[in-house]
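Chain IDs A, B and C follow the sequence of writing; residue 1 opens each chain.
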Amino acid sequence: MDLVHSVILGFQASLQPINLLYCLIGVTIGTLTGVLPGIGPTGAMALLLPATFHAPPLASIIMLAGIYYGSQYGGSTTSILVNIPGEPSSIVTCFDGNQMARQGRAGPALGISAFGSFIAGTIGLVGLMLLARPLANLALSFGPPEFFSLMIMGLIILVYLTQKSLTKAICMGALGLILSYVGTDLISGQIRYTFDIDPLLDGIGIVPIVMGLFGVTEVFENLEETVETSLYQTHIKGLLPSRKDWAASIWPIIRGTVIGFFLGILPGGGAVLASFVAYAVEKRISKHPEQFGKGAIEGVASPESANNAASSSAFIPLLSLGIPPNVVMAMLFAGLMIHGITPGPLLLQNRPDIFWGVIASMYVGNVMLLVLNLPMIGIWVQITKIPFRLLFPLIILICIIGVYSISNSTFDLMVMIIFGVVGYIMKKCEYEPAPLILAYVLGPKMEQAMRQSLIMSDGSFTIFIVRPISGVCLAVAAFLLITAVTGFSKKKRLAVLPDETI
Amino acid sequence: MRWLKPVVSLFLVCFSLLVLIVSRQLGIGSVQSPGPGFMGFLAAALLFTLASITLVKESLAAVKEKGEATANNWGVLAKILILIAALCCYTLVLELLGYLVATVILMFVMLYVFNPKKVYWQLAVSFVITTSSYLVFHTLLQVVLPAGIFRIGW
Amino acid sequence: MKRGWRVFFACWVMFLSGNAMAAETAYPDKPIEILIGYGPGGGTDLGTRVVAEEAKKYLGQEVVCINKPGGAGRVAVTLVSKAKPDGYSLVSATDSSLLLIPHLEKVAYKPLTDLTFIAQYGTLDFGLTVIANSPFKTFKDVIQFARANPDKLTWGIIGVGSADHVAAQAIAHRENIKIKFIPFDGAASSMTALLGGHIMITAPASSGYAPHVKAKSARLLAVLGEDRLDQYSDVPTLKELGYPEIVFQSWYVISGPKNMDKAVVKKLADAFKKAMTAPSFIKMANEIEIYTKKPLFGDELRDALVKRDKTMEELFTKLGIVAK
């Protein structure tokens, strides 16, 4: 069988000492960048890219790839421990992950996150191997109208993210949309809402906003409550997930993997959207949706699996089509080009050693990550015991470095502080930040897709309904919206939307 | 603090109003051919509507709920304000003083404000944290940090 | 105790100062900073980093590259144009921010007078690309189609006012045809749309079309540069096809603030020139297809840019594109 032969070839290549070494370096750095809030895989890859010029091509790509999917493992650590997302794709993990930590269950949360990531990464790789071509073609069939409908579906999801008032969640969503339009309008070239502030030309930036709303706000909130003692007084109950945890998590992991895998192929979609959608789906089909936000392990298992699956499937457009679906893949693209390797349909033909070597190394990498992350759980859990008055300066410092490292701008730091203060006040008034972030991420792509589609259709809206994929997405969105608001059963409706709807 | 909620809602109302005006200036275009301000206008309109409703509701609730002055811990809130001020100052002087000097000061302020004892020990901790973060991030991870006019360590 | 603190502080400063205390008077005596006007991983970023890496040897000092993305290079250029002209603050950007955008928008600098141009380290070529099984076999077919079906030719452009947009508008103006422009946020998006059949033609830079043309899933109908490209020698230039005024190339340029000392500029230009002969640079430049055979430096570079700017201005006036 040709496939088996290729896979064996790939493993032979990836298990060579030098490739193993680069893989280890890559996933370790990746985990580190994932754990540290603000600092992401892009920065690390940018720094290491020139260093790979002198290294053999396969080893370089293995290392760079390892940084990417490694960061998806590490991102959940700070989310669970201190309610601060290490990566934007780990924001959703904060909701239930941190609650679990407060109940003394940080260990199981971290554990299920690691295991879920491993399972998702591995299944994602199988999918990558078997389904690369058909999925690549599926990705191509998404034109502007399809993207628009998908983004609309994504925005409706924010209904499921709220733990308090729906009205206020929509307000935050609207606010997120508005913030996302600050900067240069791609369609007309006009500069919008910047009030002549130069650093805003490219928009406000998601990392300062996330660090402010989730990091700084979190610090302020905790300072109000406890300073002398550590954050969580409860006794640490076990370091690994229990049988019950596994039973509850296995289906969410699988669902998360599927959702993440499909959303990861789409340009611009990726791990962030996948994690939000996975969370919302779990809440929607759960028999006890009121548990979400209070420490439901499904709320950790599913999104963490989704973001890892998405990072695996993001390789499909890159390797099969030669199109990088996001910034990180663009860097890998550059890395490949520098070594004279042209990603795309011919990669499989011309350089099967690279193609299969990378894929095999991803299996190896996932195993390495699991081995790396599990023992660390014991150490991480100890961090929750540090008195907060010592811990919070460290948290703030890491947020500062993370935000500054993006574009070396103290303006970004100011943005972070402003959002920290704003988030703090908003939370006191029961406005939650999650819908804002979701809208902020989806806003630009949605608007762009809408205007592109309307240009294509000369202003006619039927283009969104007539094209099959687009029509399906819109139908699903409508369905989700209607059933959430009216609900088939009163109990379910009240659980999905909390009491105070307006 | 019972007026906090209505004030925030009022802020949202005003903010959305501002965005509505700016969006109109940018050009809303038509539904068939949306201009640069179109989506912003829609989002702001939505925000305006919902925030106004919330404003009314919360104002009524705040008026009804008179009397009970909950003991707000002004002490902690004052400290948080100091922290915010310290962070703002840090942002302004970071590139002037450089990472090392500015961060040591910030660390000390953060530690001291919430624990006004053991000054020397806290100073030492500030130095240690700043230096180790410098070594880890600047030297090891090659993250670019501002050198400042003193150029200590660069 | 007070004395103890003073000693401690002094030791701390010395510990960290390292060799920053060595004093030299010749340029350069401290690390040079280059602001890169784009994010990591792109052509600008890679090209600058490799040049900087190699130029280190000839300058004797670290050349530190810092990404300062924003406004297609505008933020970085604005910052450096206001910096001290001591030779330690440089900017690396494409001529998007130097030539094109100033004609379309209000920018905080006058590119040709507020900057000193030091070195050109690469060129970016654009190519008219269609999907492999497209009915368009030559560029003439495209024009014929557009003439017969006004407003039906969907042409993907990357940002309004970008080089490929202006080129397309120039063609439309010349041939008196109506093209439907669909804006995209980058070559990746526009190529995806092209391969998926959602648009008919687009003109990305080499990093956009190269993988697909090599894989034969897309075809080049024409290139927008001065001469035919070595890698695609059977693809004509627009110039050859009869549009001599539509020549677009993007140049990668390193500049500094105005009024830089001539000797400093020469030293930098020489260092960069030598850096560009290093095998690692040539390899990288060839792989990402930004290699230029005759790079320009210093005053020569300035004159060439001034000339191109004039041509650009004339073209814009003809097309009726005015600065906002």
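Basically, a residue touches a chain if its C-beta (ideal position, glycine included) is under 8 Å from a C-beta of that chain, and two chains touch if they have at least 3 such contacts.
In this text, all values refer to a predicted model and were calculated from it rather than measured experimentally.
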- Count how many hops through touching chains it takes, at the least, to reach subunit B starting from subunit A. 1
- Chain with minimal offset from the mean of all protein Cα atoms: A
- Message: Centroid from C-alpha atoms only, then distance subunit A to subunit B, rounded to Å. What do you get?
- Response: 24
- Separation of subunit A from subunit C, taking each centre as the mean of its C-alpha atoms, in whole Å: 31
- Centre-of-Cα separation between subunit C and subunit B, whole angstrom: 36
- Item | Sites on subunit A at which at least two other chains make contact | 43, 187-188, 190, 408, 455, 458
- List, in ascending order, every residue of subunit B touching at least 2 other chains. 144
- Using the touch rule from the top of the page, what residues of subunit C touch 2 or more other chains? 66
- For the subunit A and subunit B complex, residues of the former touching the latter: 39, 43-44, 47, 167-168, 170-171, 174-175, 177-178, 181, 185, 187-188, 190, 192-193, 216, 220, 223-224, 227, 389-390, 392-394, 396-397, 400-401, 404-405, 408, 410, 413-414, 417, 420-421, 425-426, 428-431, 443, 446-447, 450-451, 454-455, 458-461, 502
- Note on the structure: Touching subunit A in the complex, subunit C uses residues 39-42, 45-46, 49-50, 53, 66-71, 74-75, 78, 104-105, 108, 151, 154, 159-161, 180-185, 188-189, 191-193, 195-198, 207, 210-212, 214-217, 280, 283-284, 287-288, 324
- Name, in rising order, each residue of subunit B that touches subunit A in their complex. 4-5, 8-9, 12, 15-16, 19, 22, 26, 30-40, 43-44, 46-47, 50-51, 53-54, 57, 73, 76-77, 79-80, 83-84, 87-88, 90-92, 94-95, 103, 106-107, 110-111, 114-115, 125, 129, 133, 137, 141-146
- Sort out for me which residues of subunit A touch subunit C in the complex. 42-43, 45-46, 49-50, 53-54, 139-144, 184, 186-191, 198-199, 201-202, 267-268, 317, 321-325, 327, 330-331, 333-334, 337-340, 342-346, 407-409, 448, 452, 455-456, 458
